[in-house]
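To keep things simple, chains are lettered A, B, C and D as they appear, and every chain counts its residues starting from 1.
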Amino acid sequence: MTKKIRVGMIGGGPGAFIGAIHRRAMWLDNRFEIVAGAFSRDAEKSRQMAAELGVDADRAHTSADKLMEAEKLLPVEDRIQCISVVTPNAYHYEACALAVENGFHIVCDKPPTRTLEETIALKELLAGSPSLYALTFTYLGYPMVHEARSRVLNGDIGKIRKVFVQYPQGWLSTPLEKEEVKQASWRTDPALSGPAGCLGDIGTHAFSLAEFISGKKVNSVCADIRSFVDGRLVDDDVSVLMGMSDDVSGVLLASQIMAGEENALTIKVYGETGGFQWSHSDPNTLIHMDLNGPTQILRAGQDNGYLSAQTQQLLRTPSGHPEGFIEAFSNIYGQMADAIVGNGELGEGVGIEAGERVMRFVDAVLTNAISSEKWTEM
Amino acid sequence: MTKKIRVGMIGGGPGAFIGAIHRRAMWLDNRFEIVAGAFSRDAEKSRQMAAELGVDADRAHTSADKLMEAEKLLPVEDRIQCISVVTPNAYHYEACALAVENGFHIVCDKPPTRTLEETIALKELLAGSPSLYALTFTYLGYPMVHEARSRVLNGDIGKIRKVFVQYPQGWLSTPLEKEEVKQASWRTDPALSGPAGCLGDIGTHAFSLAEFISGKKVNSVCADIRSFVDGRLVDDDVSVLMGMSDDVSGVLLASQIMAGEENALTIKVYGETGGFQWSHSDPNTLIHMDLNGPTQILRAGQDNGYLSAQTQQLLRTPSGHPEGFIEAFSNIYGQMADAIVGNGELGEGVGIEAGERVMRFVDAVLTNAISSEKWTEM
Amino acid sequence: MTKKIRVGMIGGGPGAFIGAIHRRAMWLDNRFEIVAGAFSRDAEKSRQMAAELGVDADRAHTSADKLMEAEKLLPVEDRIQCISVVTPNAYHYEACALAVENGFHIVCDKPPTRTLEETIALKELLAGSPSLYALTFTYLGYPMVHEARSRVLNGDIGKIRKVFVQYPQGWLSTPLEKEEVKQASWRTDPALSGPAGCLGDIGTHAFSLAEFISGKKVNSVCADIRSFVDGRLVDDDVSVLMGMSDDVSGVLLASQIMAGEENALTIKVYGETGGFQWSHSDPNTLIHMDLNGPTQILRAGQDNGYLSAQTQQLLRTPSGHPEGFIEAFSNIYGQMADAIVGNGELGEGVGIEAGERVMRFVDAVLTNAISSEKWTEM
Amino acid sequence: MTKKIRVGMIGGGPGAFIGAIHRRAMWLDNRFEIVAGAFSRDAEKSRQMAAELGVDADRAHTSADKLMEAEKLLPVEDRIQCISVVTPNAYHYEACALAVENGFHIVCDKPPTRTLEETIALKELLAGSPSLYALTFTYLGYPMVHEARSRVLNGDIGKIRKVFVQYPQGWLSTPLEKEEVKQASWRTDPALSGPAGCLGDIGTHAFSLAEFISGKKVNSVCADIRSFVDGRLVDDDVSVLMGMSDDVSGVLLASQIMAGEENALTIKVYGETGGFQWSHSDPNTLIHMDLNGPTQILRAGQDNGYLSAQTQQLLRTPSGHPEGFIEAFSNIYGQMADAIVGNGELGEGVGIEAGERVMRFVDAVLTNAISSEKWTEM
């Protein structure tokens, strides 16, 4: 084994959801070790998490700034190589900008930053910098999503006509943010998450998946966004018609008030001769509908010879052994590990360009939502 | 048994799809007998179908006009009581108007007429007339659709927030209308089907289902409609954002170019505390999602005590014995039979008012589609 | 239309489950008319049902005997041509034997008779008689069951190795027979249903399906049968290992105490290169598993060109329009109608030979159940 | 964090399937580190794997014997604490016996040993020893399996009546063992895997799951076992009737020649008032069938308050985020970690007693298979 990649985590203090996922995603394949962190702005909490993770107490900090300052003083062979950013959106830009400045690689939870402007600024910083950058658009880590993209681009269903993606959740059906539920509070606070709520939190996942699998770009949007829960400061339900490149018609739904729904992000892409369907509710399956023949059920499995080589590489088990959310996350970290050691490149869809596109989408939808014009270009 | 209701069929000649369905729908419960028909404009074909059905040759005609003229001469106890209209849309108005004029009841395939204007005219004719009128919005004949409506109106999922309905088909992915496929030809010919294609053919089903189950009315639409197949004269793909009463947000998709799809009309209705999902791909099941507890799978079955009395009456078998499309169709005919013999009323959703609403919807969507204004009132 | 076939129904009085199914199965395709009946041993009830069905009061009788005596006096062109036997099992033999004697055709609910001896006697009566005979092994009327058989016999999955069939029901989990539930009472009364309970009622369906689809014969059985409900006089749970022809291994489960199950008869047949699965819970689908490639979802539909011609003929609708239990039943009546008018033959699997096989199976299982020998030949 | 537990792996050289799973199961929660290994009997391969894993070359050995000898010389704080045994079955006993002798804890892949005799001997060695012992009966690591057991034992479906478990695989439908496929070769070689093939490999999983969820014990078996593939030295298809405690009736199927099947281990347990179904094809779902009400779909999720506290502790993500095979495996390692640090006990079902039961089951089935007696006690 080449040595494990040394990571400093920004965010991910006690009780955080996504920080714990990032950590397991790093551990699963044993290619990363967390050696430092600014786990919390509260020094006590940051040290507590460090202790829990086996990180030296003197490498537990209270800000990205202090972490990087301290790490720069360490010998290069001990120093972190990469940061993992798992804070609320509002703190992404600062951490990433500092990482570029200090020559660290970056894995950052989506969306890239709180605003489009920050994302553009970050993109400029990254241009020409040696820092590698990956956004954890989790669903792009699922092997069968790659299989779908590969088959669509290969022409298996002919010229693409229609893309329909929905991301239904129900957990924000009530004003959870008033009950001090941490996940709900920051996600519905524009100062921390940005001007978009559901749109930014999960609409962005749906958008990135739609462009990734279809290979088409959204050019214009027409949206109906709502905030159903009294007193909520951001949207919680989003419906978007999308004009896509090559005359493809797109529809995107994202909602956090579809009461009783869990997390069943589902995409359907149709071409002239068939369609593909992938759903997070059964992520190891890809359904291939055919205009003239029976529907085929493609299944994940290292041993399924009909899958592409890339899909097989993203799998850890033979067919019939379910892989899930953490494995998908880990596949994005795996791309970063490969890129750092020079064994591969970061895939399309997880770079800053993809990040910029989701931020432009958010912006266009928010603009359209208050416009009487039907379509807004993005 | 009260005697069987005597029916004259308009349309439904050799090779017709929907005519054969209407006939079986009438036969299934043995409450109707077809005793006359204008099965085809071709005399030979009309007689051929009459012979096949055991209808007297002299009661086989070539137009609704001639049929009714002849029937009026018969003793009232032999004369048809009701017509069943299964022609292309363009001929609906004439047949129905004549029926009203001659005092016959009407079961008519949807949509009510070729244009909104004709529907309004028909509505006026029906007002004050003793003729009973039912549209075969087939999906409103499914027992679990009634169960969904009943539970929604009962408040089981709280105040409604979101309605999402999709009707995916793929059979018109190629220019079938150029290959002399009868079903495809008239459905894509504006002179026969009306200005709308997919929108009128199946978008209307989706619309009627959405209003029926949710109990909410569509007030405004914002649409993206397409015609993907070269040379096609009508739309074949429809995406609509809908403003509904009581601030409900609606989305409707209907397509005939989702290659590989069959006929899986699916609706989801969400309220503050849960949601219902019904799909034509599993029509004997109603899924009840709950904000706080496990999802429940409600199942059709005369013996399922948790279903409403009305739902149970629409069923012919105990749980686990699948009922399907013809049974649903037959339930609408059953309502007509009950109404004719005075044992019940025609249900909401299948009358001319519902017919007018779908025609207004079609009109509003077509208007919006070529407008730069975002929303069109309906 | 050739004239409708005239039927006399034996059994099927007020409140009967299976009688109502048989009637709708006859009506659905408009090829039969019920013109006489011995609907009940109670004269009042028999006349009541006759009135409900539009049958002349003087053709309503109280026994098969009286019905046939009376019908024989009618002109041949008015006289019934066929009887439909829907009584409890104990009365099957008498009705069928009389029909043979009087030259009527027979459609009989399964199993053929109460005992194997009666079935053998009936088989002898039928031999050389002009009476046509069909058992309503309902599941053999499902189009996708025929497709499965056709593909298995065609070698699509290679040499058959394993057959697994299960018929889970839960409705007899409690002593319903003590609560005067008609369906439960006679089915658990050996005098009316025969020595077998669940085994005879639904185990026979499972057995007939297994032999029909696999094309293999059961040679020996090894069984564990139980009666879980206190005071029940017959078995309510059956598990059978089966030695089948050509070294095929079979397993059959049937139960009426699998609490919460409906009626999801499911069969899996595996060969050297793949397997087929069909389930009554989704009867319009046939799943084709492949050793080396993706699973294929075959779907019912007149327009699905990949189905066999025979399967297409058994369908009434295009793909995506669900057909169900009554349609399957009607397909068996359709075979009888074809055979009567000389347009076809009764299919394998619904004749008296198939009936004899299920009775031998019941006998062998009951014998084995009380034996310390592992295997009992059948 | 308490320091990570130091593990020596026995087996798991280059290309091994289950070794790689064990490693990821250890890494996922960051509680174990592999510091030594006898990865292969080939010194070169063992060193190669050590290098790949970041294990010091001088801690890479060629046998369990040499590994333990060397480890015993290290300071207790560096020395391994636990071994992970992932060799073919034939080598389990030696490794485990040595571990007990040397005071190491043991995680061992199932089955415990090649023969029942060895398992009994190991059980005696373990009795009174401080060594902790866990078998990776993987499916007992799935959270919803625990939920099922907890609800069954809690009486949610009343007195248990029927257990049905099936483990269908198809990958050994052809003589893979002759094609030098490593997984196939040792699993079909009695010298390496034991006298049972499919029975020992996956029948044991099905058996352990059946006893775990139902809380009932198998007392007697009646089996039909086959070897369908020419030249195969062990069984590849197993059907077993089981007499279980408290008059429960059990049926177990396991097969490796159900062509086209993957790994969909499925269990159904029925009681007087309902049933539970769990399937590896959808492992985050537990289906609760109810005799009188709708079926409920219970779903995995840390945030699903209706799950038991224990189930929630076995989960790493909120509802809708699929967890899979590696997570289940890791849950068993997690039990070992808790037990080693004194924070918990090893759960029922993964100890040597459970191991002994599966070996007795294998023995009884093999005995019965060649007997003309119907039932064999176990």
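In this section, a contact is a pair of C-beta atoms (placed from the backbone, for glycine too) under 8 Å apart; a residue touches a chain by one contact, two chains touch by 3 or more.
Since we're looking at a predicted model, the values are computed, not measured.
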### Task
Could you label the subunit B-subunit C interface same or different, taking same to mean over half of its residue numbers are used by both chains?
same
### Message
Looking at chain pairs A-D and C-D, which one is connected by more C-beta pairs in contact?
### Response
C-D
### Separation of subunit A from subunit C, taking each centre as the mean of its C-alpha atoms, in whole Å
55
### Summary
Averaging C-alpha coordinates per chain, one finds the centres of subunit A and subunit D separated by a number of Å equal to 34
### Message
Distance between subunit C and subunit D based on Cα centroids, please, to the nearest Å.
### Response
43
### Query
Can you list the residues of subunit C that touch 2 or more other chains?
261, 288, 295, 299
### Query
So in the complex, which bits of subunit D are touching subunit C?
157-158, 161-162, 164, 166, 168, 170, 173-174, 222-224, 226, 228, 237, 239, 241, 243, 247, 249, 251, 253, 255, 257-261, 268, 270-275, 288-291, 295, 371-375
### Task
Would you pull the subunit A residues touching subunit D in the complex into a rising list?
1, 3-4, 17, 20-21, 23-24, 27-30, 51-54, 169, 171, 261-264, 280-283, 299, 301, 303, 316-327
### Task
Under the touch definition given earlier, write down the residues of subunit D that touch subunit B in their complex.
288, 292-299, 305-306
